[in-house]
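Chain lettering (A, B, C, D, E and F) follows the sequence in which the chains are written, and residue indices restart at 1 in each chain.
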Amino acid sequence: MNGNNVYMKYMTWREFEEKKSHGVILPVGSVEQHSHHLPLIIDSLIAEEISVKLAEKIDAVVAPTLTYGYKSKPLSGGGPLFPGTIDLSGQTVISLAADILEELCRDGVKLIFVNNAHFENEAFLLEAIDIVSRKYPETVILESNWWDVLSQDIIDRVFEDVPFPGWALEHAAITETSLMLYLAPQLVREDKIPSETGFEPLPYHKYPIVKGMVPESGALASAKGSSAEKGKIITDAAVAEFVKIIEKYTK
Amino acid sequence: MNGNNVYMKYMTWREFEEKKSHGVILPVGSVEQHSHHLPLIIDSLIAEEISVKLAEKIDAVVAPTLTYGYKSKPLSGGGPLFPGTIDLSGQTVISLAADILEELCRDGVKLIFVNNAHFENEAFLLEAIDIVSRKYPETVILESNWWDVLSQDIIDRVFEDVPFPGWALEHAAITETSLMLYLAPQLVREDKIPSETGFEPLPYHKYPIVKGMVPESGALASAKGSSAEKGKIITDAAVAEFVKIIEKYTK
Amino acid sequence: MNGNNVYMKYMTWREFEEKKSHGVILPVGSVEQHSHHLPLIIDSLIAEEISVKLAEKIDAVVAPTLTYGYKSKPLSGGGPLFPGTIDLSGQTVISLAADILEELCRDGVKLIFVNNAHFENEAFLLEAIDIVSRKYPETVILESNWWDVLSQDIIDRVFEDVPFPGWALEHAAITETSLMLYLAPQLVREDKIPSETGFEPLPYHKYPIVKGMVPESGALASAKGSSAEKGKIITDAAVAEFVKIIEKYTK
Amino acid sequence: MNGNNVYMKYMTWREFEEKKSHGVILPVGSVEQHSHHLPLIIDSLIAEEISVKLAEKIDAVVAPTLTYGYKSKPLSGGGPLFPGTIDLSGQTVISLAADILEELCRDGVKLIFVNNAHFENEAFLLEAIDIVSRKYPETVILESNWWDVLSQDIIDRVFEDVPFPGWALEHAAITETSLMLYLAPQLVREDKIPSETGFEPLPYHKYPIVKGMVPESGALASAKGSSAEKGKIITDAAVAEFVKIIEKYTK
Amino acid sequence: MNGNNVYMKYMTWREFEEKKSHGVILPVGSVEQHSHHLPLIIDSLIAEEISVKLAEKIDAVVAPTLTYGYKSKPLSGGGPLFPGTIDLSGQTVISLAADILEELCRDGVKLIFVNNAHFENEAFLLEAIDIVSRKYPETVILESNWWDVLSQDIIDRVFEDVPFPGWALEHAAITETSLMLYLAPQLVREDKIPSETGFEPLPYHKYPIVKGMVPESGALASAKGSSAEKGKIITDAAVAEFVKIIEKYTK
Amino acid sequence: MNGNNVYMKYMTWREFEEKKSHGVILPVGSVEQHSHHLPLIIDSLIAEEISVKLAEKIDAVVAPTLTYGYKSKPLSGGGPLFPGTIDLSGQTVISLAADILEELCRDGVKLIFVNNAHFENEAFLLEAIDIVSRKYPETVILESNWWDVLSQDIIDRVFEDVPFPGWALEHAAITETSLMLYLAPQLVREDKIPSETGFEPLPYHKYPIVKGMVPESGALASAKGSSAEKGKIITDAAVAEFVKIIEKYTK
């Protein structure tokens, strides 16, 4: 067996039983198009890899990742019309997350950290958490993501040489591509990074969703200027912030 | 009968039939605590009043407001523990909005604008819109809110004399209070506006929700510096932007 | 602020907290065609206006009205095919009412009176009440409507000069029109009251619902002979009976 | 095999295939207390027996009876607190009836008559019918019950020697007991018929439901004065009216 | 009244109250094609008849049979395309069974035996039981069926003169036909028993379900060689095993 | 990027678009205790590994594995009381699988093979498939598992030196352990394989589920006698059979 001992999936039930009091991290992602240079799985992969680094810091357990996520929206993920984007409905995300959280609570876990890396998931994850938390108030359940915990200082360092287009356009762009270059470089097709799209975020949502609402490549802004170093900066900062958040409720 | 002829609720069925081709605006709000100086209904009232001004500009119909909304969260609305905050679950908001939108589509309405004034509603409204839109793709359904359409210039004008605390803290604060001073001044208890709270937004969600997570008054930032003039600036800007958005799909 | 102090929607959270022990009235209506002389909203408006008068008598709180209601049926409301009739499905009405009632119970309200003015709502409201009441048995929840509490004597007075067609046909007819002439006369188009329809109630339901099952105007019986005086008789009688019902459970 | 050839349950699939074009009758009842002299099943039994007589007249098929029904209410059935009353929730009744109706439509049945004998079922059955009918508009679905089709003349004949307490109190009283004396006399314990209860119907619903809201026996009015002859009068009248209703849509 | 005193449906509420401590048996079946020689109802009939024999042995109560069951599958029941097969969806079976089991638990029943005679029901019945059992752990709920309790010795006796095709093909074949010849011989059309089909079970499921996936008659194997004696052997063995199972939890 | 090109998760949207016409395999597993020698994830891991081998044979795509599955039952998986067993409810499995299958159909995939390795999932997966298949009948959806396709000859080879306890006891026993020794030997703790349990399968289900219903280790039969060779025999046989099944619908 490999030396890594934070993956719940590789534990026997007794190993999990012995370690569950340290807290459980639940990574949540998506199966969603990320332009021509990144694979469909990156939200889930980033959530899982950051969770593993976090778990190693605080000796916690990483539950199996929720790989599929809520519907991709054009303005934040390109939308459902790209082949390979596999969307769950809102009610399914709520039920799925609630069932898993409830089972962890029933197993006696006292701290759960939901680490979400797909923006569209959040409202539905929080609904699931709220439903479960009313039944199991003795378990602290925290939810966050790698972008909301970044300080302005970190953002400035990541975007010191290129302009920051705003989080609204950071889909398959510099932050996600840098994270992948750091966490799983073999999955990045650097030669296929699209150039600037000129895409502007819209302050409204329009339905029905039709082709052509976002750039053809699926990227909302260019990932040019991404690097593994930037990915490491983001990862380290997010993990450090997550540790601080969790320690508030365990110390 | 009063001279205002945009309220669907005051129309007979035949009056609605004659006017429905002009488009329908659906205001959505909440019943949620807004500190000591604002009543529970303000999200719904702001949504409705702005919708009426918008309808008058484009000769559209304002459907009866969805008064109750999704669960108030501590970091954006103070949360469920304040008496008088009446929360709907996620699935209820989805079903409620979907039923109404579907009925409007079945009535042959070709453009619907969902005007939301309660941040927490948005993901669930969009889920409802997506579900209905797949069945009735011939109807254009738009969703927006008064804050996302404000340009930086407008924000600068509203906050020219006081610092902008960020949208995260704008609950029962300057923008909402100014809107109420403009749209329904008789409902504002100006003498009860709380002073600065010192509250800082947190980059994560924590459950179970318990008392003390937000300032005792229910305000996340002080509304001192609010004025009817600022409310008018916001209202006029939002209405003008909404007109532009709708015209893209009707001209 | 206006002098009326029973509307929950115009209260701050603290004002509601102080008054909630007096009981809460929840008006429920519909958005449904009511022929050529009455607007779509009348069920909701009648429910709310009677609730306000009731609340003033017993110093209670009126919660925001549930404006949208269950599906209009041909034999009691003309059915779904009239433009402007906006129907909720049964499950949505159950969820919507249950969420609101549960929130009121969680806020510590000990008496709730559900005042329904749309016949078709009743079974679904009672299902919601039953579900909530099993969880919160310490709150008394009452449900009634203005027509079931009228004594034969009151009915005789209202119909002293015209024949009573039976409750089955009283849609957009004398009782509802009289109530509107008393409660909101500016919304009644008296010149558009249809003549006798000759419509007969059927002792069965037939699906699919198609055009032509009810008179073209949407009225099931003529409203000729309606008056504000009759509206006042009904209102006063209903309020007096509601007071008696509530006092049984609070004295 | 017995000579009766209307029961779908006793047909092979090919026999059903050959006869389904004649229309299908779906009896719906309940498992609900009916005082000391009648068994729990009588609503279902009455629905089925009348359906069989109706089917024999028009050569139709009787589908297996929906034995369990919606929640018994105190004011119409004594309520859920009597042992042996087995209640389905509203959503279950809707789903159950909708699944069966949809299957009959998919089998190509063109006329379905839902014969309900438990008052509380009706709103949920109609919701199911409405949902299915929108998908299968080519099938006519009718719903009625034995009491709504009785003319005043029939009611007068049944109550010529005893006063009619109103339908609200006709639970385990003269009409149901007479029907059972005609349709299944071996199941009536005539010696256990309770005397007058003095119970008065209330014009409102009160929750939580507690013991003592209805007479201890479970009967809302006395069944004294019941007879098989009265049961035959009701049965014959109901069947005759049902035939007329169905013929409107098949001739 | 007949001498049989195990049927809950023929009891008054008080008779049920007196007997419910002996345990309740809930038969569950289906409305499903069973070839040309057996009627649609046989699963429900077999479940009910065996339940009655079991109840007589242990003085228990037989609740009204759940007549309709989960979707027939081609490989175990011929599938949904045969006219007369009336399928419930999975969620409906779960809700229906859960509502009834919960009501029995609320009535204070301490032992429930769910006797299922339609293979496809099982997973959904167990889901219902699990949901209810978590709320009412003081009630023992058992689930079984007549085929799983048969010993190899019994199977050998039933198939001493014909080969056993395996349970996968025992639909409308020797075991079910023999049971019907013993329990309700008047419903068996012996002259219509199909000859050998040559049908082979497949180790996978294929959708969409289309005509021709199973033999035209609807039988998966021939029922030739069936007899009332074999039906009695199976019935007696199943009842004896059920008694032993129940006694483990009541002695 | 690694050389393996069957994983959908590692594809970009365009790579998936190009390959989707070859068919998609959806592995489904569970997070469930598997005694002291196997980790929680093995059902999902076996499903995924066999799917990859299958995909390589037929040049198909392997969708991201459904890692969490339906409730573990005592008689087939040890049940919910072992820490680390994380169960989804039936409705969640149905919704989750249906959403994913529907998205694949909407992407134009014409053949989907659902490869399930957790017995308890099957009925709920088939319900999801049935729901989706009625909407998208042009897509062939197949469902199977590695054990149902094994011929008697293969079973004889696997159990040539130890007795076959029957599939009912093959949980964490010889077949699963051998598969893991072949597919992921580093995850098997061979020194912790329990000895014979003496556990006998029961022909009924009993609720509530309590501790002690299965052996303390969580294994239902001993895995002694497992080997990588046996795992390879099973894997090769299953893959070969799956290829044959799929070819029936694609050639």
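Quick notes on this structure:
One rule holds for everything that comes next: contacts are C-beta pairs under 8 Å (C-beta built on N, C-alpha and C of every residue); 3 or more make two chains touch, one makes a residue touch a chain.
Keep in mind the model is a prediction, meaning the values are calculated, not measured.
Relative to subunit E, the most remote chain by averaged C-alpha coordinates is B. In terms of C-beta pairs in contact, A-F outnumbers the other of A-F and C-D.
Inter-chain centre distance (subunit C to subunit E, centres taken as mean C-alpha positions): 48 Å. Subunit C and subunit F have Cα centroids separated by 56 Å. The geometric centre of subunit C is 29 Å away from that of subunit D, both derived from CA atoms.
In subunit F, the residues that reach two or more other chains under the touch definition are 89, 91. If each chain is drawn as a node and touching chains are joined, the picture is one closed loop, every chain linked to exactly two others. The part of subunit E that touches subunit F in the complex is made up of residues 71, 73, 89-91, 94, 120, 122-124, 126-127, 129-131, 133-134, 137, 140-144, 148-149, 203-209, 241, 245, 249.
Taken together, the subunit B residues at the contact with subunit C in this complex read 1-2, 8-14, 16-17, 20, 31, 33-41, 44-45, 63-65, 67-68, 80, 82-89, 91-92, 95-96, 99-100, 103-104, 106-108, 186-187, 189, 192, 218.
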